[in-house]
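Note that the chains take the letters A, B and C in the order they are written out, and that residue 1 is the start of every chain.
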Amino acid sequence: MKLAWGALSGLMLALVFLALCVFSLSGDWASFFSWTAAVKMSEFAAGFLSPAIDPAFLSKLAYATFETLAISWLGTLIACVFGLLAALPASGRWGRAPRAAARLLLNVLRAIPELVWAVMAVIAVGLGPFAGTLALGVHTTGVLGRLFAESLENVPPEPGASLRRHGVGAVAAFWYTTFPQVTPQLMSYSMYRWEINVRAAAILGVVGAGGLGQMLHFHLSLFQMSEAASVLIAMIVLVSVVDALSNYFRGRMIA
Amino acid sequence: MHLSVAGDLRDPAWRGRVTAAIVFLALLLPAGYLTEFNPATLWGEASLRALKQFLGSFFPPAMSPEFLKLVAEAAWKTVAIATVGTAIAIAIALPTALAATRILSISRIATGRMAALPALVRRAIRWLLIFLRSIPEIVWAMIFVRAVGLGDTAGVMAIGITYGGMLGKVYIEILESADNQSTKVLLQNGAGRLQAFWYAALPVSLPEMMSYTIYRWECAIRASVVMGFVGAGGLGQQMELSMKMLAGAEVLTMLLVFVALVWMADMLSALLRRVFA
Amino acid sequence: MSYAAGAPALNEISLALAPGEQVAIIGPSGAGKSTLLATLACALRPVAGSVQVLGVDPWALPAGELHALRQRLFLAPQLPPLPPRQRVVHAVLAGRLPQWSAWQALRSLIYPADAEIARAALARFRLEDKLFLRCDKLSGGERQRVALARLLASAAELLLLDEPVSSLDPALALNALEVLQGEAGARGATLVVSLHAVDLALAKFPRMIGVKAGRVVFDLPRAQVTDELLADLYGAELNASVQALPDEPSAVLKLSRCT
C-alpha cells in the first residue's frame, strides 16, 4: 500500500467541502480586490496612521475606556455571584433533576453570544452601558456557572462529610470545607474571564451597549478614521493592561 | 514551666481582608455610576411593557416554510463563511509559521543561536502575526463592510485575517514545543528547510495542529454569526434585521437554529479530532 | 581532516583522519564521544581551534556552502530520530533528501519515489517486511536499524555514528557493523563509530581512539591497544563507583565489556 489512502481520502473530502462553501458564497471577490476598494482602504489606512489626539476627544476617549472597564468588571462580578448560585444545583448537590435543569439553563446562557444578549438588552433597557453590563453578566453567568459547577463536583467530599457527621449544618459545612477548597480555582476562572470580558465589553458597544465599542461604531459610521484609530488603540491598550493585571493577580494567587 | 501566651490574638490576615473589602466597595460605586447601573429600569413601567411585548412575541417561534428556508440558507451561508475564512487563515498561518519558527533555522544548528538577520526576520514576522490578531475580527468586519459593502466577503476576509494571526501563533508554539530531534538531525545532514518540515516536523506536530485548527473552525462559526450583526452576511445579519423589527418569533427560530448549528459543529469537531488526531 | 579544539566538553584534541578510514571511538559515559562526533559533523562549532572537514574549514564558508557541505556527511545520533507516526519507507528515504528538490520530497511523501531503494536498504538489516509500517510500531532495536538503513539510502562520504548498535543483540550488532563497514568500503567513505562494546570495536575496527573526560587518551591501531590502556580508560569510573560503596564486596569486573 504505497499510497496512504486514509490520509488522502480525508484531504479530498475536506477540499470538496471547501469547494462547496466557496461556491455558496456570493463570490464577490471582484469588489474586494477592485480599484475602488483599494482606494477606500488606503484612505482608511491614511486615517489610521494619524490617530486623533486633541484633548476634548481624548477626554471622551478616557471616559469611554473607564466605562468599558467598568462594564467588564461589574459584568464579571454579577456573573461570579449568580454563577456560584447556579453552580450549586448544577454540581448535583441537590439531586439529578435540579442538576439537569441548572445545566440546561447555563448552557443556554453560554451558547447565545454576548452580542446577541446585548442586542436584546438594548431592547429591554435602552442604549447605554447598562445593557452591556447585563448582557455580559448573563452570558458570563453561563460560562462561570458551568466552570464553578465542575470545580464543585471535583472537590473531595471527605472534609464536608466529616463535619456533617458531627452534626454541622449543610450550609456551614459548605462554607467551612467546600468553599475554601474551590476558592483559588474560582478566582482564577473569574480573572481569566475578566480578561476575555474586557475584549467583549469593548465590542458590545457596536450594537449600542456603551463603552469604546459604541464610540468606534459612531466614528466608523461617519468614516472618521483618525478618531476610529484612536479608539482602536485605546482598546488594545486597555486589553493589554487588563491582561497584565490579571496575570499578576493569578500569579500571586498561585504563589 | 512558664507558658507565655503570644501577645496578639488578632488574625494576621484580618487587616489585609479589610483593606481588600474597602477597595472592593470603593471600586463598586464608580463602576455602578459609569455603567449607569440601574436595575430599576428593568422594572420601570415603559421598559417593562416593551420587554413583555418583545418576549411575548417570541412564542410561538416562526415556522412558515419560506421563513425556514430563508433561515436554512442563512445558516449554510454562515458555515460557508466560517469554512472559507478558516481556509484563508490556514493559507496565511502555515507559510508564516514555517518562516518564523526557530526549529527550521539553519544558522542555529551549530551554535544554538540564530544569526542576526534571520533572527530579525523571524521577529518581524511574529510581530505581523500579533498585529493581525490583536484587532478583533468584528472591527475588521466593520472596516471591510465600509470598504467593499455589506455581504459575506467582508466576513470571510475578517475571519481569514484575524484567525490567520491566531493560527500562526499557535502553529509556531506547537512546532516549537514538540520533540524536534528528528528535524534537527535532518537539517544537520543537509536537508532543506521545507524538506525537514515535511519529513520530520510535520509528522510530529500534525495531530495537534489539526486539532487546534478544527477547534478554531468551530469558533469561526460563532464569530461569523456575531459579525453578521455588523453586516457581514449569514445568520447574524438576518437576526439583526429581525431584531430591528422586533419580530420576536423570527428571532427565536433563528436563535434555536443557531444553538443547533453550534451544537452540530461541536459534535463534528469532536468527531474529526478523534479520528484524525 | 584534523582539528585542535578547546571547549568545555572537549579539550586539546588533535586528530587526523584519512578519507576511507574506519575508526572506532571508545570511552566511558560522559567522556565527550557524542560531542566529538557532532563537532566532526559541523553540528557544533568549536570555541577555539580549527577544524577541517572533507578538505575545507566549515566555519569559514558562507551559509549556503556550509549547508552543501553538510549534505556530504551523515550524523546518526544515539536516539534514532524517527517521527513516531511516519512510515518506515519515508523515514528511510529521508536519507535521500539532500539529493531531492523540495517538490520531489513532497511528491515522494504522497507516492514513494524510490521505494525499491528503501526496501533494499532495509533488507540488508533483515527488516524488508516493515517497509510500510509506522515507526512507532517498531521495537527499539528495529528503530535503530531503520536509522541505519537511512544511512544506506544516503549518499554521504563521511559517516558519523553515535552508538549505532546499542539496542541490538550481539548477532544483529555484528551483522549491522559488517553491513556498515561494507557500505563504507564500497563508497570509499570515512566511517567513525562510537561504541560501548569494546570487544566489538576491537574485533571490527583497525583503528581505535580512546576518549576520557574530554581528552583523547590514545589513538592507536587495534593491535597496540592493550588491556592496561583499556583499564586506564574505563578505570577511573570503576574506581569511583567502588569507592562510593565501601561496604560492598568489589565485584569481579570484565574490563572488555563495560556498561
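Definition applied: contacts are C-beta pairs under 8 Å (C-beta built on N, C-alpha and C of every residue); 3 or more make two chains touch, one makes a residue touch a chain.
Values in this document were obtained by computation on a predicted structure and should not be read as measured data.
If each chain is drawn as a node and touching chains are joined, the picture has every node linked to every other.
Ranking every chain by how far its Cα centroid lies from the centroid of chain A, the top place goes to C. Relative to the centroid of all protein Cα atoms, the closest per-chain Cα centroid is that of B.
More contacting C-beta pairs link the chains of A-B than the other of the two pairs A-B and B-C. Inter-chain centre distance (chain A to chain C, centres taken as mean C-alpha positions): 55 Å. With centres taken as mean Cα positions, chain B sits 10 Å from chain A. For the pair chain B and chain C, the distance between C-alpha centroids works out to 48 Å. Interface of chain C with chain A (complex): residues 87, 110-112, 115, 132. Within the complex formed with chain C, the residues of chain B that make contact are 106-107, 109-111, 115, 181-182, 184-186, 188-192, 194-196, 198-200, 203-204, 206-207.
The part of chain B that touches chain A in the complex is made up of residues 27-28, 30-32, 34-38, 41-42, 47, 50-51, 54, 76-77, 79-81, 83-84, 87, 134-136, 138-139, 142-144, 146-149, 151-153, 156-157, 222, 225-226, 229-230, 233, 239-240, 243, 246, 255, 258-259, 262-263, 275-276. Chain C meets chain B in the complex at residues 41-45, 59, 63, 67-77, 79, 81-86, 90, 94-95, 97-98, 100, 102, 105-106, 109, 154, 156. The residues of chain A lying in touch with chain B in their complex are 10, 17-18, 20-22, 24-26, 28-29, 31-32, 34, 37, 40-41, 44, 66-67, 69-71, 73-74, 108, 111-113, 115-116, 119-120, 123-126, 128-130, 132-133, 199, 202-203, 206-207, 210, 216-217, 220, 223, 232, 235-236, 239.
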